[in-house]
């Protein structure tokens, strides 16, 4: 098949810690599926991104005049580097640590800033994610501590972008069906390397990466 | 494209009431997408189906001997008529009334009896739903009364079957993103015809039907 | 304090298997909190219970005439033995195995049949659960396989009954916040004794039991 | 009863728009329950609050030395004004607009910064929310567009803080059981006054406010 890009986005504030590690595992597994799969990892902590101010300029015809090339008319910030990747990709894998049972605020700041990529968007970025493949990875301190809920929160985002949502695939039994589900604490507290020992979690992430690659290969026109 | 089957399943105990009505709307919209789309509506109340007894015979190599043609080795009941439809279809739309915030028991009885269709199944029905398209319709008495949660419960089922999960599509704004979301009470109590006046709900169901038809057309090999 | 009853309900079709075991652990822990706490375990498999037919007679003034002593006017079945326990209790702990990411159908059959206990009920059982304490236990085969979602499904039921909903309490760190979360497969397949080795899961169930007992002691008038 | 404080927190970036309006409705209803109920509204947009950096200093004994009076040892910012309110209150009502199906990032930034209020906290703020009453209000643009999911996300936060979680109470039928559920778009786009016409939504918020006041009055020792 033609070359296809899968973008992975980590929202961990901690460099090279558990969430980054898990995302890399998923992307490597995706690349292993086919020579045509390319991946790109984005680490949100390296970008300055402001929370959406709910100005609605992105979907307002008048406001958009003269700014039709930009999905967000309010902020010029790190998102301007990320929008083109979202437009270019065929698959999107989000990876977040779980804080208080759901996605950390850093991931939600990113999500909220994609309003202009919906069909109501007035720029050429409208419908950037439509029909593409979405899947998630969630890294929780404890065992049943929000991994499922965080993955469902990602899925909600994907559905609003009208994507095809996939989980970890039926190949994988003992772990997490909705995507990659990782647990760190029971073994080693806040250790940024704890995920490396969570064999089940790593497998669930790798299977999720493969599943995205399969779907990217199966869906026409993305 | 070649002919593709979308199966719709209603779990309402009430014939021709709101859930049946909404399912028919979604299936009609799906058929309208392309001449190649055929649909089949299944009404669970017309079948005698027992809840799963958790015997695990369906995924037990020894038990399956001599019974490899049947996904459930414990019960002979109405599911035997439904399994072939699940194997034959390219897309599956589930439609349930919302009871206590989630799917009614009738829908869950059906779901629980599909264990033998997973990859662990020992019959020729293993992987019957894999890679196919899944979407949901939920009919709640009140406004925010479990429609979202019920759709997520269906999505969980689809993900465990390794399906491609879709919502109502980005075409549709003012309603429900996760699928078809219908509300009946605010206007007219337990009226079995109330959904006919829920314009938003009908649209969300029709868009979901179309979205499934689009996905069935886009995904290779299903 | 005066004697208070906590009712525990298991929906497992398998006698003395993992879900029953976990429920007993939670109830024993609850009893340990105070001499005033009494518990009663109900095993749904011992009762014949039909799914709700959505006839709405339970909340229909005319239909209820002459039947005001019964919360369900349609069926005479096992629920008639369970309703008085729900009316008598101060706390309710539900325990279900996880099938396809959510509560098994057996638990949902029970839930759906409590419509007549809502405030719209026309019998003396109306508001039977109001202001009482609710908590859940979920036993999943795999690790992040619906434990969270199943507990949220129980919580939805509790909220509709206007209960005070509690989780496993902040005493407990490495496990499941929303209630008891148990995992069986990773170690030993379908072994009905696998939960006995899930130390984290047992602790989360015991803490949930204690938390319900605390809440029952703290809330006036239930 | 003695005076009790209910704190309401709005995460809307838009002053006096729909979410603020709904929060005020809920707080006014709570005050109406009893002369002993006092309320305080907090608008997060008026504070400068940084996202949690996941440094874990708040629950690290060594790091906490000499800083035991502060729940967060990393940032000095607007949270320092909010922490005392969380410690002082008996009930907490969160109000958020729904972005992409879940709480907006502004609300999650606030939530993530309460790690030091958990029992692992090393300051005198540890357990600040324990046993208190929590409830939520969610304002969505569309009808079934994340109101339920956002309320569940708040509930997850409350459960991790070991609170008693309540919904809108059984008094209220046609709306939202999990708390206040408001819809703005179907009538009037991005109009910041649209919620004023959502009668069902206003009622669900008012009932939630009352329900919190009832619970605050029923639970001993908070």
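For clarity, chains are labelled A, B, C and D in written order, and residue numbers in each chain start from 1.
Definition applied: a contact is a pair of C-beta atoms (placed from the backbone, for glycine too) under 8 Å apart; a residue touches a chain by one contact, two chains touch by 3 or more.
The structure presented is a predicted model; accordingly, all values stated were derived computationally and were not measured.
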(message) Show me the overlap between the contact partners of chain A and those of chain D.
(response) B, C
(request) With contacts defined as at the top, give the pair, B-C or B-D, that has more of them. (result) B-C
(message) Taking the mean of the CA coordinates per chain, how far is chain B from chain D in Å?
(response) 36
(message) Could you work out how far the Cα centre of chain B sits from that of chain C, in whole Å?
(response) 27
(request) Mark out which residues of chain C touch at least two other chains, giving numbers and ranges. (result) 101, 146, 149, 152, 156, 159-160, 173, 177-178
(request) Report the residues of chain D in contact with chain B in the complex, numbered from low to high. (result) 101, 141-149, 152, 173-178, 181, 183, 185-186, 200, 204
(message) Under the stated contact criterion, what part of chain D meets chain A in this complex?
(response) 12-14, 51-54, 56, 97, 99-106, 108-109, 111-112, 114-115, 146, 149, 152-153, 156-157, 159-160, 190
(message) Quick check on the complex: what are the chain A residues that touch chain B?
(response) 118-120, 127, 130-131, 152, 155-156, 159-162, 164-167, 169-171, 173, 177-178, 211, 214-215, 218-222
